[in-house]
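Pasting in a structure now, in structure tokens, and then I'll have a few things to ask.
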Amino acid sequence: MLPFHYLPYLAAFLFCAGLIIVIVKRNAIMVLLGIELMLNASNLNLVAFNQQYPAELHGHIFVLFVIIVAVSEAAVGLAIVLRVYQYYQSSVPDEIAELKG
Amino acid sequence: MDNSFQLLAFITLLAPVASFITVCLIAVPNPKTISFISIFWMLLSFVSATILLIAFWKNQPLVLALDWFIVGDHSFSADLALSNRSILMLVVVAFISFLVHLYSAAYMEGDPDWRRYFAMLGFFTFSMQGIVLSDNLLFLFIFWELVGFSSYMLIGHWTKKPEAGRAASKAFIMNRIGDAGFLVGLMIVWATYETFSITEILLSPTTSTWQSAASLCIFCGVIGKSAQFPLFTWLPDAMEGPTPVSALIHAATMVAAGVYLLVRMYGLFTEDALLVVAVTGMITTIIGAVAALSQYDIKRILAYSTMSQLGLMILAIGMGVVDAALLHLLTHAFFKSCLFLSAGIVIHALHKAQPAHLHFDVQDIRNMGGLKTKLPTTFATFLLSGASLAGVPFFSGFLSKEAILTALVTHTNLISLLMLVVIISVSFLTVLYTFRMIWLVFMGEARTIRSLTPEEPSWVMRLPVVILALCSLWMLVSWNPFDFKGWMLPPAEPSSYAVWITIFSVIWVGVAVMLSWYIFNRGQSKTNEALRNGFYVDKVYGVVLGVVISTSSSAVSFIEKRWIDRGIHAMVYVQVILAHFVAWVDRVFIDGTVNGTARLAGLGGKITRSFQGGNIQLYIFWAVFAIIIFIIWAIK
Amino acid sequence: MNGVTILFYFFIILAGVSAGAIVFSKNVFKSALFLLVSLLSVAALYVLSFAEFLAVAQILIYAGGILVIIIFGIMLTTKISGRPLVVENTHILSGGIAGISLFILLTRFLPSLPSGATSGLQPEDIRVIGLAIFSRYPVPFEVAGLLLLIALVGAAVVTSHLKSKA
Amino acid sequence: MQQYLLSLLIFTPLIAALIALFIPSSFEKFFRMIALVCSLVQILVLVRLLISYEPSLSLQFVEQKPWISLDLGSWGILKAQYFVAIDGLNIIFVCLAVFIMFIAGISSWIINKNVKGYFVLLLILNAAIVGTFTALDFLLFYLFFEFMLLPMFFLIGMWGGPRSEYASIKFFLYTLLGSILILIVLIGLYLSVQDPDQSARVVHTFNLLQMTAPENFIRDSIFDPANPWMIGSLNAREWGFLLLFFGFAIKLPMVPLHTWLPDAHVEAPTPVSVVLAALLLKIGGYGLMRIAFPVFPEAALGFSWLIGLLGVISILYGALNAMASKDLKRLIAYSSVSHMGFVLLGLASMTTEGVTGSIYQMFSHGIISALLFLIAGVLSDRTHDRTIDHYSGLATKMPAYFSIVLIGFFASMGLPGFSGFIAEIMVFLGAFKSNSVNGLIHESLAVISTLGLILGAGYYLWTIQRMFFGKFHVKGEDKMELLTPLSAREYMVMVPLCVAAFLFGIFPQLILDWINPYTEHFVNTILDTGKRLTLNL
Amino acid sequence: MQSLNEQLTGITESFAFVIPELVLTAGLIVVLVAGLFNNNKNKLFNAIAFLTAAGSFILLVAGGLQTNIMLFNGVLQRDGFGEFLMLLVDLSVGLTCLMSIRNPEGRHLSEYYVLILSVALGCHLLLMSTNFIIAFLSLELISISSYVLAGYSFNKSGSEGSLKYFLFGSTASAIMLYGFTILYGLTGTIDFTSSLFFDRLIDDPSPLLLIGGLMGLAGFLFKMGAAPMHPWAPDVYEAAPVPVIAFLSVAPKLAAIGVLTKLLLALHLFGQGEYDWQMIIAAVAILTITIGNFSALWQKNPKRMMAYSSIAQSGFLLVGVAAFLPQGIHFMLFYAAIYLLMNFAVFVYLSYFEMHGVYSMPSFAGRGKRFIWASVGLTVGLVALTGLPPTSGFTAKLFIFSSLWESYQETHKSLLLWLLIFGLLNTVVSLFYYLRIPYFAFIKAGESPEVEKKGGFENFLGLILVVLIVVIFFIPGLLMSLINRINFVL
């Protein structure tokens, strides 16, 4: 019997690491990385929790859909980053701040 | 019978209103026509008042009930009270008003605001008659205020003179101060008696503390209207108005309204209240008499004299001498208006004779002198009425003063003794200033105006003066020149003092006349060197009186100018400063709070907006942070 | 403690460390590789959690697909010749506060999860997943398809205008 | 016909506005005419209405049509009605409104900028004001109440003076704040009150008359008089009263919530000032009498000391500020604050005299303040300068104007013979009597407020003295010629007001006949209900 | 556990109940395919999209908003509450199509309508979801389409807005997903309407419920533009084309509040739970209203101002939810419908003014007289947003605060009273900025350049909306009777 109850802690760590990356890194691509990490943390959570409820595979199926969503997001996100890069010659969110009150 | 009384009372009361309305509304360009119309109305008023007096005389008092309006279950009436007193006052008011109208027709000739003048004069007469007749305190208060208003309009008649405006405002505001007190009195009366009917109030027996308060509050109104201490300074200033106005309003009628009110409400006044009344009257009468001595402006002298006489009447009422005070009120009305109108003739004549290049103050008695020969009729009327004022025997003033003295002597307490002394000394001073005035104006050499040739005005102006002068004689009061108990006063029990008082009065006036003769004759004619040196007592008197009187009078005038007027000025200043301060507070704090709130809101907006620096990562941070805060808040 | 358990711990630590390394790494490319390591470790954990199918999907799609796209993006947006692949940090304090406080909050309450009652999960039967998708979850499946289509269209829209403007 | 008179009164201006909307804006004369015609129609309707009006307690000319009836499921039914009627309170306000709008319409002929927009807004305002005064359904009242704001905002903002933008926004914010306070209570009230006529289901009603009856409150609702909730240290009904009170007091306006008024008045064009002072301020007092007092009588009695105190403060504060004002319109505006303080004082006394005085004061102030603003308008229309110190000696130059100013100023300072006197004396008598009759407010309040009379005389006379006495002079040499005598139109608007002020000062019974039954009933009801509810607690 | 056969039968039977969604999907595909042949026929695509929305709308109306049924073996749930919001979503699609008829710079290709329809479809699905998977997926469907739509002005700022929207949105959905996983971990089910979900949470109250629930709500709050997940809105609104923001400010918001309501009710556990979600949502509402209104105060760009306005309006919508009463939900629906009208009215006029070169607040100066009808219409729209009579904005606010009051009466929670007072006082604040446009247009002097007047259609469209806004004030029964027919079981 593996200590599956540690997995949520790992997931929490990954999630928070992802969050820190999202906030801290001065590069839109890195932010994307962070988001992927956060999604991954959720996946890990789902898998871990599915251990508690073995009767149905809700968690596992959820993970599949999350992966699909992650892919779509990454695709659209990168497309947008590229567009911004065309205009700003930069992918640093700090520098992309013409819109403000 | 009642119906005819009612009709006459209405005619008397409403004829002046008719004058006001016709003069206001009918567009007649000709000033003569206007004056004619208003004189006609006044005559009508006077005639009907006289008929009423004759018809009514010695009847039981009568109340003509008139409903005015109803609030809730309280009815506010406009009752008219007909009694000997009120009808007598009515006749006096109508009579003097009629004469003043007549006089004004000549005096105000050439004035551009002719119509406004006559309109307001009519309106004033109406208001005054209203005061006299009304039997309802509220109704009386209304006329009371209206009298103040017309006084304002008439004092400020010459709008081109800024001083006129100032004096008018001063008069109105001081009256208003008194009236505010009166109003409080009304409130107390209403809260206590639930009625304003004077007849009912006097009948209802109440001896609560409210009664003293109410009577004192009503007395506040009297103080304002009758120019009593401390609200008297408006009266001398009010002389900025046309002289006939001064004669009518500030000598004969309006200022007397206060005394009349006191007489009317006498039953309401408690012992304590009456003491206050007496002391106020005493202070006023002294101040007035002393101040009159040091004046140079002829009208101001008369104004202070009026004040002094009013103080005398109020003192008398305060001491319980009601009938005598009322008698003095009547005689005073005649001789004082005569004095004013005569002074008006002097001013008028000098003004007309004044050459364009030479500009001097035509009201300053130092500029006059020697007018005896140039204005003989006026001199005669002035002399007659002046004698009456001074209390010379064979004149009405003598009798009425004697009435007061006689009544006071019968009292034997300390206060009445003090009052007696005051009255006696004041009447001495009265003689002094009256003769000073007569001397400086009519006697001696013409001073500034030596070259001028003032002429007597037309009979229109002289006639009223002459009539009034005749009314200053003793016949007005009684056939016996030494017995005041004539047709007006009810026969009282014979007093053993009466004869002595008469004799004393005669002697006292004689001494005063002689003394003043010395003082003013010597003071102005420096030719008789020996005579002056011969009388060391004279000298001593002169020095003593000169020092005492001039110092004290200038001190009083100083006090008045510096302290009371200044005090009121200061009050005004304080008030204006306060007003500015309040305005500032308003702007800075109250308004400022609102603006500040708006600013604060703006600041809040800026703070919330600064989270929106355009940086998406910070946005995310704030969002996550807020969620964390929420979680912590909700978990606790 | 048997070998599997050690492996389990190893992958947990590996995933955590490499995720942490991303935070501290200043090189975009290296970060991407750390992410790869982390994702693969997670895949290994899936295997240990009897989720082989997910592990495969994780490796194929995440490690394969997404990471390739990302590296592609890095190359496109960072001039390899001109600027180094260095990434600066910003808002460190804010990020730290948010991340760490959230982590503390989560770990503080994670023990209250209903834990370890049963673990009857067997090695995954792909057939079960397939059946579930097509019987229980056909709608999400269709929606996922639509989502991919829209993502495709969206990416195409975004980039097609890119060409015309650029 | 008779049962539609009120609707006719309310909707005539709206129809006129609609017609005006479709006329090209170049026909400037037409807009003036349509406003005039509309006012004349309103006057005709009003006369017809007054002929059949009987002074009694009952509602007359009642129009009660279902408006909103919403099924709220478990809450029952929400019912709002188109409910307008005339009783002893609003009859005089309706008269005032029609009369003043007539005057304002004529005096608006000086407007020459964007005439169409101006008259359309003025007509809408007209309808809203009449509607506010006649509505007996809270929602309808609120609708008309809010409806006044926007037209007024634009009238001040678009046709006003240099700082009109600031003034209009300030006006709007203040009054909106007030109406929000009212709205809070409105929500609470309709949820707490049910229609007693329908017993099958709970019918939440906005009917103001039904709100005044304590037995119509749903048991244990927040405003239930038998058992109101405590919120903080006050109970909910007290809160409700305070909210309503302050909401309406902003409109009144009461110190310290008055600062919008001077700005709005100074910047507004003359006719708008007239409407603002003569009608909009009255809505505050009307609202207190119509809603705040009858619905929460026991709270009203409990707070009467506060109301009276604020009234006295308003009287004195307004007067002092007026004295410090350099601008003629600002002076008049502050004098309005001072005069409306009497309304509060009279209401606080809750005696027949006091309440009559309050109502009378509102009516009288409506006439007199309109006159005063027209007076100020005469100068500002000619020279665009309202600074008092810039004028002197006007009496010789414009004697007719001087006469009207005298009437206006003396009427405003409460000279007997003008309507203001009757009002103020009634307030004084009531306020003083209150302590001995019902013990609500202390005598000293009445005594202190007499200072207001003195101050009133002070600032008006000082103004007359500065502006009208002395040698004729106007600052700015070229302006001397601008001061032409009054035009016929100016006479036409000011003389009726003078006559009215005079008429109602001499013959108060004309109005008292209408309102007497109402005030007596009002005072007795408030005192009885209030005491009963206080004892219940 | 149903047998496989039963499940398959359930699926086939379910299709009869998702015809509106199928219509939307079909329309989407038709537009997409049509675009492959010739991508320059804006009018055609517009017509198809409009007809699709109209078809869906009509089908929903024909359905009578009476259904309450579980579909696809409990994955979807169709109820009147959701259907009413779907109606509004379809309406907003139709209005957006009308606003997009004009096609500046040839922007509106088939993809534009595809994305709009996919947002609509996502909204429909979101409103039917009872299940975390479908909620997450449909939310992502909306999000991804929105990210692209937000950049549809295809300029520098458009791309920036798009990027910000994307970064914020992805993070938000990641947070939401994490929340969902925690909820799943707590309950073992991904169906939040199921009794299992309820039972487990009742049996085993854990603070994680709060964490998971709040994180889960965050995604919906993000879609609604409610605090604290609102900061994306201004930038996105400023950059995106007007029809797009008009659409994005309505459709996703209404869908999100629909599902948020359901999730919240599930988390609330009929008031038996450990945690008081009413307080939380009330706090969120206060925060949202305040932030929205105060931040809007000094905005110079009307679109940015409208962004904050829509944030504040989300707060008002949340007030209806915060009452936790059936009637509150009804009133929230009423508010939602009115919000749609008001918002579209304002945006229609804003696009009209943009057509005439008015982009910032100060440039409205002097336009009031030149564009009198449009200015008056815009003013009415803004007044309605403020919530003053005689517009139905007032009625909506009155209703929504009534429900809050009633809730306060029932629960005695002082926070609700504060919400009430705060919300209403915020109306005063909101007046500051809502009146800025009329203020500039009518009161500020400014010269209005002689430009050719165009856009009669927009003017007409706006007029219709404005008239509706006013009419509903006088006859609220029109709308309320429709809402009353919804049988929404809490």
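By letter and in written order, the chains are A, B, C, D and E; residue numbering begins at 1 in each of them.
Definition applied: a residue touches a chain if its C-beta (ideal position, glycine included) is under 8 Å from a C-beta of that chain, and two chains touch if they have at least 3 such contacts.
Worth saying up front: this structure is predicted, and the values here are computed from it rather than measured.
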Q | Labels of chains that are neighbours to chain A and to chain D | A | B, E
(Q) Let me check something: if the centre of a chain is the mean of its CA atoms, which chain is farthest from chain A? (A) B
Q. If you count the contact pairs for each chain pair, which pair has the most?
A. A-C
(Q) Using C-alpha centres only, name the chain that sits farthest from chain D. (A) C
**Q.** Rounded Å distance, chain D centre to chain E centre (Cα mean)
**A.** 42
Q) So how far apart, in whole Å, are chain B and chain C when each is placed at the average of its C-alpha atoms? A) 103
Q) How big is the gap, in whole Å, between where the Cα atoms of chain C centre and where those of chain E centre? A) 31
Q | Geometric centre distance via CA averages, chain E-chain B, whole Å | A | 80
Q.
Can you list every residue of chain B that touches 2 or more other chains, as numbers and ranges?
A. 598, 609, 612, 614, 616-618, 620-621, 624-625, 631
Q. On chain C, where are the residues touching two or more other chains?
A. 90-91, 94-95, 98, 102, 105-106, 110, 113-114, 136-137, 140, 144, 147, 150-151, 154, 158, 161, 165
Q.
Can you pull out the residues of chain E that are in contact with at least two other chains?
A. 133, 137, 140, 144, 147-148, 151, 162-164, 167, 171, 175, 185, 207, 211, 234-235, 295, 298, 432
Q: Go ahead and list every pair of chains that touch.
A: A-B, A-C, A-E, B-C, B-D, B-E, C-E, D-E
Q: Spell out the residues on chain D that touch chain B in their complex, using ranges where they run on.
A: 170, 173-174, 256, 259, 317, 320-325, 352-353, 356, 393, 395-396, 399, 402-403, 406, 410, 415-417, 421-422, 425-426, 428-429, 431-433, 435-436, 443, 446-447, 450-451, 453-455, 457-458, 461-462, 464-465, 468-471, 507-509, 512, 516, 519-520, 523
Q: State the interface residues of chain B toward chain D in the complex, per the touch definition above.
A: 68-74, 112-113, 116, 138, 141-143, 145-146, 149, 152-153, 156, 159-162, 164-166, 168-169, 172-173, 176-177, 179-180, 183-184, 186-188, 190-191, 572, 575-576, 578-580, 582-583, 586, 590-591, 594, 598
(Q) Help me check something: in the complex, which residues belonging to chain A touch chain B? (A) 19, 22-24, 31, 93-94, 97-101
Q.
Going by the contact rule set out above, which residues of chain A touch chain E in the complex?
A. 8, 11, 15, 18-19, 22, 28, 31-32, 35, 38-39, 41-42, 45-46, 48-49, 52-53, 58-59, 61-62, 65-66, 69, 72-73, 76-77, 80-81, 83-84, 86-88, 93, 96-101
Q. Tell me, which parts of chain B touch chain A in their complex?
A. 609, 612-618, 620-621, 624
